[in-house]
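Presented sequentially are two complexes of subunit A, the first with subunit B as partner and the second with subunit C.
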Partner chain A sequence: MAAVSNPVPRSLGRVLGLVAFGVLVLALRPPPAAGQTTQLDRGREVYDRWCASCHGFEGDGLGPAAAWMLPRPRDFTRGLYQIRTTAGGAIPTDDDIMRVINEGMPGTTMPGWEGQLGRGDREAVLAYLKSFYPPFETLAAPEPLDFGRTPRASPERIEEGREFYQSIECWQCHGDEGRGDGPSAPELEDDWGYPIRALDLTENWRFNGGETVEDIYRRLRTGLDGTPMPAFQDLVDAGFMTDDQLWNLAHFVRSLAPEQRPRVREVIRADRREPGELPASVDAEDWSEVEAFWFPLVGQIIVPPRWFEPAVHGVWVQALHDGQEIAFRISWSDRSQSPDPRWMEWQERFLEVMEPREAGEVEPEARPDQFVLQFPPTIPEGMDRPYFLMGRGGDPVYQWRWRSDQDGAEPANAHGIDDIRPLDGRIEADARWEEGRWRLLLRRSLEPTGTGDRLHFETGVSIPIAFFAWDGDHGEDGARGAISSWYYVHLLEEPPPSVYVSPLVAFVLTGGLGLFVISRAQRRERRPSEAGEGHELAGSADTDDRPRTTDGTDASMGPEADLGRP
Partner chain B sequence: MRERLRHPFWQGALVLGVAYALFRWGIPYLPPLLGISSAPVPRSVMLQYMLTVLVGILVWVSDNEERWRRFKEPMRALLVQPERRVARGAMLVVLPLLVAFVTYDSLRPKISAPAGLRSVHPANPTSITVRGEAMILEGLENPLRTAGREEEAVELGFDLYYQNCMPCHGDYLDGQGHFAHGFNPLPLPLRGGGTIAQLTESYVFWRIAKGGPGLPREGQPWNSAMPAWDEILTPEEIWAVTLFLYEQAGLSPRTWEEH
Partner chain C sequence: MRTRHRTAKAATGLAALLVLAGGVVGCGDDDDAPAQAAQAEMPFDVATAGHVQGMVMFEGTPPPPVSLDMSSEPECDDHWNGQTQREEVAVQDGHLANVFVYVKEGLEDLTFPTPQQAVVIDQVGCAYTPHVSGVMPGQTLTLRNSDPVMHNVNASPQVNRPFNFSQPAQNMETNRTFTSPEVMIPLRCDVHGWMQAYVGVVAHPYHAATAQAGTFDLSELPPGDYVIEAWHPRLGTQEEQVTVETGQTAEVSFTFTEAMLATAVVPLGDPIDPHDHHSHVHHVAPTGRTR
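And now, the complex of A and B:
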């Protein structure tokens, strides 16, 4: 039992000694440095796991996945940040960087991390990525600019903003109607030499720095460092423009995009018109009264050669039918009417950095813009649809194919993305490219029009539909394009007469029943009152001098029920 | 006001109103205040709840002769009293209008997508052929895990995942990549207990290798945008991505011993 005979205490003492030493060492380390090191270590750990794939383990923006993206991931070693509240050329505040970490960069591959990483992890990453640019430590803490209060939007402000947009030549890059199709747009590149697109101002949900008028105003003041977008702060300071003019401009830019971010709805409603009253042209006035449905398009990254940066990000679709024909009007932003020689150099530069991996070299070429509307060959039972990506061998899809270098559109069956088999038959098309936007009208009779074409558009059912778009000047063709999965179009049917007759019958029946109940109640009421047995009803508020019974009911009441007639 | 509160008719009406508010707004919005998730009550359930409350009220008022008489009073007054004739007339118009509207609403043509159910994790085939080689899935282990090359494989999987899978399945493996919104059904998240943690690595290998086009009949009607990756990646690369997925999501695959 004696402790001496037990060998354990000696080793225990050694362990205790080590622990004590460890505690002493930890206690003696200067606390701030220790805090910083662990913060940076933690930041590196989180960064290497979640950020390095794109931004690179050295923070140079050259991670293993970077070459699949344009705009390329941020290179942190140059201290250039687009989204700031500080003056042009200045470093951002910590809050600026945190905002991008939290919310991501809409319109790019950068996601928001607020719901994904804990606050501590995000703060550690922030500290770590600042360490890629040493001047962050030596430069004075940057002062955010004072952005003042947001003036209210008004038609006058927006109109003045529009004039200002013209006078300071925003259209040079962004185009007259803001779709990024200005004459200088094909020449733009960022500070790293990569081709960069002038922003399409009609899609504000893709604005890197946020979609609100305040966000737009801030980007105007501070510029987007690393891109060709200048900071107007200096011009305000130098008296060349006023702050109010910048607010007008911000309101105007905001007005170019829809008030609400478009919501994806699964079914397009094709309203019914009287026979023969379908709009014949793409800019017929009638279309302005037809609801437009928005559908997102994404890169074809399913079969080789895959395409990671498509030019078209979404289409607006309207549909009408008149019981004999169906007409679709499709609108989408496209910076050029391809092939446009002014964009050839852009295409060269773009293909150089975004070469599709499996296709080998893709040569810059004069290619047309294209659009495909896709349906199943016949209306399927339930959810059974052919493969959305242009069908498969033996299980095809039916398509209307349009190209900007041909009149009309061609029907075809697709048995796969590279197996398109043209059909005879007639699809009418009317297309117009204006101010960075295609508008395309496609029209066909509800009945099939040729051999091999079997799709009969029925009213009152949901018919699968999908969309594909190619921008020729973006190097797109074949598998290199933008795709959607299946949605539906529903041709409204003429409602059967019962839809109107039944409510009428219900109205009459309910009303009749009500009358019956009232008159019966009143007849029963009168009987006891004639016998002089009044019910204890509340006193009458009537002020007329007609004779009354003891219980206050109107003795002069006629034989018919009192229904509120005076 | 006090008088009314003591009257069985108005008491009943009050209970009905409070019950409606509770079902309609209380159930979806009160629990979240305590951090418990909730959802709006479906219409059919709502109707059932309200009918139950109504029956309860009627049982209560008819339980007592005097209460029953008083309960009927305001209704009778509305039907017969001369000074209520404006209300009476209004009721005669509003009630039938309401019935007519409900009838119209249930008959008018509505547009909706066909509903469909699909099995997210359909049963796997016993064997698949990848690049000309037959593989039996039953009992199949990740060869990279057993060969002790895990670290190297995870690094390869990291690169491959972010180059190929990230646009849909997301940087955080949460199914929220920048292309995810373009597909329906949405790409699956790969983290959380309900996903790859429930599957064996051979199952994950099969889903990656054969993608949407390789789904069996019970996995349909499908519209999956998942590519058949065996056309793009080698089997070893697919195993590396599989290994990486579990490592990055902090999950373990289901093992064959468990069966």
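And now, the complex of A and C:
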């Protein structure tokens, strides 16, 4: 053992020797001024390679890819940084900048570089970024604010936070329920004149400065420089609100988003209801008891005209069936019920600044919101599925297409994103837009309803499903929209009561078996001569009961296991 | 520090001037700024001072005023009795208001004391009053909210550091200072997109915004030769040279014309032209953004 491990320390020694030599060489290098230049050179090299295509070779935020993005990449020449621990309008600390380099900015195109670039490279880039704004050298060193301790969230705190949300009029931009749909939202622009969205506070995983209540509190204190979001430090300084109350506001904002960041699960579980007991409307109370599954949507960037900044970033999907019909309820944030004249200005400004324009200029128009639920035309054997992006010629997909300007939804076969062939048949739809959110109920019989409509929703198998969403006031239509990949919906076979009954049956049977075994053993003790027979009997009782118990467990647990839920 | 420019077109969305029927907008506290400054130690013998007076004219037809929809803020709507009009170019009898006039060159060698008195910009009826004003570096700029509605004040300078704060309650006041000369710094309210104001920061007290009669007054200047600049948010800039002699009042006039609406370049912390995606490797002055 010792002999085997001997070479390791020896080579380690060699490495250490090299490191020591390296340190010596570094120590003997030219004086610090030249070292600074060297770091800037290294920073420039890394920056030009990894950062400039978005942020521009001169740091002005105008790299070749910038026009495909909104929010635009930051212009470093003005020394404005959103995510800071320093006061509103102040320059950031090095740690502030490094945090963004390391972690990126959720909800934007800025990725985190911690795992991609070595520490030295990142530090060099940081120094180089600062060089785009010379006052970094002359301004007083930035002082991080003292943010104190986080008070524990409580219903009272959240409620008081809600009152401040009202009284300091956060809703003017962020909307009454925080989905970024306030009356001023369509007009917002950043310091560079680009349209900017009021944040949807229900999707905290897209907060560019982080999702925690501490992150939110800091953004409230310091503001987001270069954007319409003000700093509220002044309100605390002026005695308008206390620091504690600002924390309450942060807790309230945090409470608008789910407690846990939604996990993507592959399979929607469609519970089975008694026949005729599917919720009839989109806002039926029953839906509140149905588990919602979240699916991310991304811009369609596969076929021209590609769309890099979609309005919809995810959908919540619930599903139920009753053995005769299947119903889906889909919810997603959408700042307007398109077409909304108040958002026309937004659409004009947005379309004006966005690339690419592969199908020519996109004209601002009064367009509806749209949603598509997509399935294969029939349940596929094995893992074969049609092309997720609306099928191909000869290998179509089956879709339920809904538009906000029409009643109901239309079934269609799609042979490609621009080859939609309507079918007859009936899809019921019930839609409601409220407070920056669409909720849409789509419902069809499990049996196909028209000619050409062949999808029979079977229970007990996983059926592929995909989602598409368009926000008309965001200029979306056709290929310009948000898409998902394939997921599954699984219609449960057993009506829900079995879920609760089966464990009870299993409990009774197991208990009964136990009592039986004990009483047999006691009888055997009393009659030792019949021991052999007793073993046999106990064994047969075991085999009689066990399959039934297992059956019961399978009925309740099997489908769940099939769902692949983590 | 590079300077960006905007064209006259680009300023369209920003040049919000509310003209109340019969109301007065424009002239700020700046006119008596030299007098305030004179209270402190001036860097020249005031007995030798001369004066500059002048007028800014407009030739042609100004763009028609735009009616603002303030229905989202009934208090503001009521303030104007529903008569909410935005004049990008405020002209009365050929006289142009809201022009920032200041000594651009000729005072470089002198250091002037910072006035103790604050310059106040009020928010009344969802409009900034005055629309154009000036301060010295270090001089207090007070933003007051006289409205019973929430405003934020978002300053986006190029040279100075920015600020953006909220004033959710009536009669709130917030003070800020700028550190460096900069003509001009735009202020905006993001909640009410029509609200815009401009602040010039100059290193001496010789600056003024023209009143509705188009007049301005730069008094008690040291004798010497000066370049005076007139800046308008929509019409751009003009320069005139003037010689000030002890005890005399030199007259200077500027004339902006209708034609400048289409061509003027307005120095300002301007949004980058969103159309000009690819040509920014060199800092070319953008061609402006149309709205």
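Here is the rule we use: the second predicted complex is superposed on the first by the 462 of 566 C-alpha atoms of A that agree within 3 Å, B and C clash if a C-alpha of one lies under 4 Å from a C-alpha of the other, contacts with A are read in each partner's own complex, and residues count from 1 in each chain.
We adopt the following convention: a residue touches a chain if its C-beta (ideal position, glycine included) is under 8 Å from a C-beta of that chain, and two chains touch if they have at least 3 such contacts.
Given the structure is predicted, the values throughout are model-derived calculations rather than measurements.
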item: Partner chain(s) touched by A:242 [first = subunit B, second = subunit C, both, neither]; value: neither
item: Which of subunit B and subunit C A:64 touches, first, second, both or neither; value: both
item: Subunit B versus subunit C as contact partner of A:504, first or second or both or neither; value: first
item: A:80 touches, of subunit B and subunit C: first, second, both or neither?; value: second
item: Partner chain(s) touched by A:230 [first = subunit B, second = subunit C, both, neither]; value: second
item: Partner chain(s) touched by A:183 [first = subunit B, second = subunit C, both, neither]; value: second
item: First (subunit B), second (subunit C), both or neither touched by A:192; value: second
item: Larger contact residue set on subunit A - subunit B or subunit C; value: B
item: Touched partner set for A:296, first subunit B, second subunit C, both or neither; value: first
item: Set of subunit A residues, in rising order, touched by both subunit B and subunit C; value: 64
item: Touching residues (chain side subunit A, partner subunit B) in the complex; value: 49-50, 53-54, 63-65, 68, 108-109, 111, 113, 116, 264, 266-267, 269, 296-299, 301-304, 308, 358, 382-385, 387-389, 392, 460, 462, 483-488, 490, 492-493, 495, 498-500, 502-504, 506-511, 514-515, 517-518, 521-522, 525, 537-538, 540-542, 553-554, 557, 562-565
item: Contact footprint of subunit C on subunit A as seen in their complex; value: 56-58, 60-62, 64, 66-67, 75, 77-80, 88-91, 134, 139, 167-169, 172-173, 183-184, 187-189, 191-194, 223, 225-226, 228-235, 238, 240, 349, 352-353, 355
item: Footprint of subunit A on subunit C - complex, ascending; value: 1-2, 72, 149-150, 152-154, 156, 158, 161-166, 168-169, 172, 174, 190-193, 269-272, 274-275, 277-278, 280-281, 283, 289, 291
item: Subunit B residues within the subunit A interface of the complex; value: 76-77, 79-83, 85-86, 88-93, 95-97, 99-101, 103-104, 107-109, 111-116, 118, 158-159, 161-164, 166-168, 170-172, 174, 176-179, 181-184, 212-213, 220-221, 223, 225, 227, 231-232, 248
